[in-house]
Amino acid sequence: MAGVATVIAAPPAGAATREFWVAAVPVTWNMVPNQFDAITGTRHDPAQTVLGTVVYRRFARGWHHALPNTPDSGNQNLIPGPLLRARVGDKLVVHFKNLDFARRDSHSMHFHGVRYRPSSDGAFVPGVSGGDGDVKPGRTWTYRLTAGRDAAGVWPYHDHSRAMHESIDGGMYGMLSILERTDPLPDREFVVVFASMGDFQTIDGRAFVGDTPVFRARVGQLIQWDVMAMGSEHHTFHVHGHRWLGPGGAPRDTQTVGPAESFRIRWREREPGTWLYHCHVEDHMEAGMIGTYNVSRR
Amino acid sequence: MAGVATVIAAPPAGAATREFWVAAVPVTWNMVPNQFDAITGTRHDPAQTVLGTVVYRRFARGWHHALPNTPDSGNQNLIPGPLLRARVGDKLVVHFKNLDFARRDSHSMHFHGVRYRPSSDGAFVPGVSGGDGDVKPGRTWTYRLTAGRDAAGVWPYHDHSRAMHESIDGGMYGMLSILERTDPLPDREFVVVFASMGDFQTIDGRAFVGDTPVFRARVGQLIQWDVMAMGSEHHTFHVHGHRWLGPGGAPRDTQTVGPAESFRIRWREREPGTWLYHCHVEDHMEAGMIGTYNVSRR
Amino acid sequence: MAGVATVIAAPPAGAATREFWVAAVPVTWNMVPNQFDAITGTRHDPAQTVLGTVVYRRFARGWHHALPNTPDSGNQNLIPGPLLRARVGDKLVVHFKNLDFARRDSHSMHFHGVRYRPSSDGAFVPGVSGGDGDVKPGRTWTYRLTAGRDAAGVWPYHDHSRAMHESIDGGMYGMLSILERTDPLPDREFVVVFASMGDFQTIDGRAFVGDTPVFRARVGQLIQWDVMAMGSEHHTFHVHGHRWLGPGGAPRDTQTVGPAESFRIRWREREPGTWLYHCHVEDHMEAGMIGTYNVSRR
């Protein structure tokens, strides 16, 4: 039962206002840049793996220049969108600019997990919502969010404009990562988004071992996995050789995540080796939803 | 681990016997009465949205006259079936009459969450079950149920006769809502059943914003959502601008619900605005599984 | 958050090393041996229900002779593979022999829930894994596992070789059942694996009431259900007339289980009768994922 955050009193000591600049940009994206499935040995032709799409991209203050979306990802940092980090009590101000001059669609940002007024909801509902859900090419919108006491965890954000379905299929999603005020920062934070894309089942927009992100850590480090799904399918997240505690405290090593669900896993690493992480839905593994996690000794 | 209700001793003080009269009745049902998807502007022709079906309908004691199925729903109150309310310790006596003189199928009621003897199970198993799972047109059956100490929550009931599959696809399902003896009644109780119906993905038998139930509340009210799924698909329930505590106490705003799963969410409302609630499976949203929740200021 | 088992100190008093002999063997398997769906009365022709496949089979020490895979199952004991029982703190040594001289595929065993070095992972990754993920016909591999403090529960094991997908579709999976050191043994332990197989939806490789396992218990017995799913679909496990406590302590009688997820349910039986247990996904019930559970009086 909810109700924990019924009263938002004065923000906690140290609470900050965090500003982010995020643009929707058209890009050419290759789901299988190595053109190769390292497990089966299958070759994949660029004609089947490259598509034009629109993604979220992080910019420096005032749109000065583009920045990497995600710090610990080995890929080109365009899918998922920027990892937006905050702490409970913070205010988040997200400046969004629609630079989609390719499809010329309206776009938006809709955030899970945080508090906001309807004008920062970002969903397109004719006769109800305003510009927040319908940011036209060349225009901007500022979303004002508060990380309440019930915001600790990881959460999706995504396009919720009229073009929502096509945008999400093309990679217009990202995550919020919100810590309690005194939570230690993890040493490594891995963002895993399960989503289908064309004929492939992707992790962070990439398919097959060697193309999906190769996550790296050392024994002794504090590891955090930020996991979510987008689209129309349920997945089961599994990491080889590791376990964590699920809801209610039962240990597990496989966890269902449906569209727009998300969860955070932490452990202190102590298992050196090269491990697989993957969706355990067999059809999804076969279509690319699998990668490697390399743990080196100290 | 279960076992909490190993001994049913004397019923708690104030426990009641609650009687319900529920009939299976043939009706003509329109999944999209406005013939319109308010978000995309798509028109829907009655030829595709109207079907003949059989539903559960609440009656007054002794079959005197029909009554609304669900108190807080804005729709015609035929799908889902009657919301059956009780408290832990109560006995429920459900008088069921099969008035399906259209398809002339046998029907039944099978209840989740409550205790009963096999003769109140309501499932059709040749050579094992009796009349409880095979109530022929014009006949009645009385189901005798007990809300045990592990019955608090919301639960499905549905047809479990030989025609189960077709009946569930046509809307023959409803919910039990069982409170602890001292739980306060909510000010508003919203019943949300996710189910596919023909080519549409419906909430309470209706598809698309403006056709699905418009739930209404005021700031300060105690809100309860009763959520379940029926049929063959998994869904993710999401409400914009709100969060609740999931199993184990982690806050969430999106929750998977598979066929015959169910959960109850409560919050004290404090977010004025017009909000979307929907299944977050993209294909399901697009096929109608979305509605609005209007919160007015006090 | 994990981290509970950060330090594996000396094994607890009484910890044992448990050895198992498991072979991959080709068999002819009939999904519907009665050729009959007892609920609908439909006949099923062996031409559609019999297939050649490869399964895990338990052997006595030193491959002396074959043994039943699962003690409390009423079926032919070939699908799922051997139920591997241990307690927290134990070491498990699993001797695997590939006797697949029919398809002549490589096979392997990959275990969930337990600790092991990469050489006991059992997954095929070219350039990374060794013989553990690629045991050729006629060869053996020994997997060395530790049931850590976070291993209590039930867990899948399955083929993770290059032939993984075909093997899992054919029934190459089984379960680990790990108790805390002082947990009482259940009186009855029922293994339920949901998996599609050809056109059927099976429980332990069998479809339809009368063909799926008939589980039997008496009032007063301590019952344990070991439930998991394999393949590409999500399921919802339901038992008529019974409830248990889900994660976080909320009572339930229906629970989603996705591919490679697993859970254990225990109750002290007190409900005499013939009950249905089934997957509550309607299409799956109709395709065979349903069985009976018979509880007799003391």
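We just call them A, B and C in the order they show up, numbering each chain from 1.
As a convention for this text, a residue touches a chain if its C-beta (ideal position, glycine included) is under 8 Å from a C-beta of that chain, and two chains touch if they have at least 3 such contacts.
In this text the structure is predicted, and so the values were computed from the model without any measurement.
J.: Give me the chains shared as neighbours by chain B and chain C.
T.: Output, common partners of chain B and chain C: A.
J.: So chain A and chain B: same face meeting same face, with over half the numbers shared, or different?
T.: different
J.: Using CA atoms for the superposition, what rotation angle relates chain A to chain C, in steps of 5 degrees?
T.: 120
J.: Per the centroid of Cα atoms for each chain, what is the distance between chain A and chain B, given in Å?
T.: Roughly 34 Å separates the two chain centres.
J.: If a residue has to touch 2 or more other chains to count, which residues of chain C qualify?
T.: In chain C, 234, 246-248, 256 touch at least two other chains.
J.: Could you pull out which chain B residues touch chain C in their complex?
T.: 1-6, 110, 112-113, 115-118, 121, 123-128, 148, 150-153, 155-156, 162, 164-165, 168-169, 230-234, 246-249, 256, 258-263
J.: What part of chain A is in contact with chain C in the complex they form?
T.: Of all residues in chain A, those touching chain C are 38-41, 209, 234-236, 238, 240-248, 250-256, 265-268, 270-271, 273-276, 280-286, 292.
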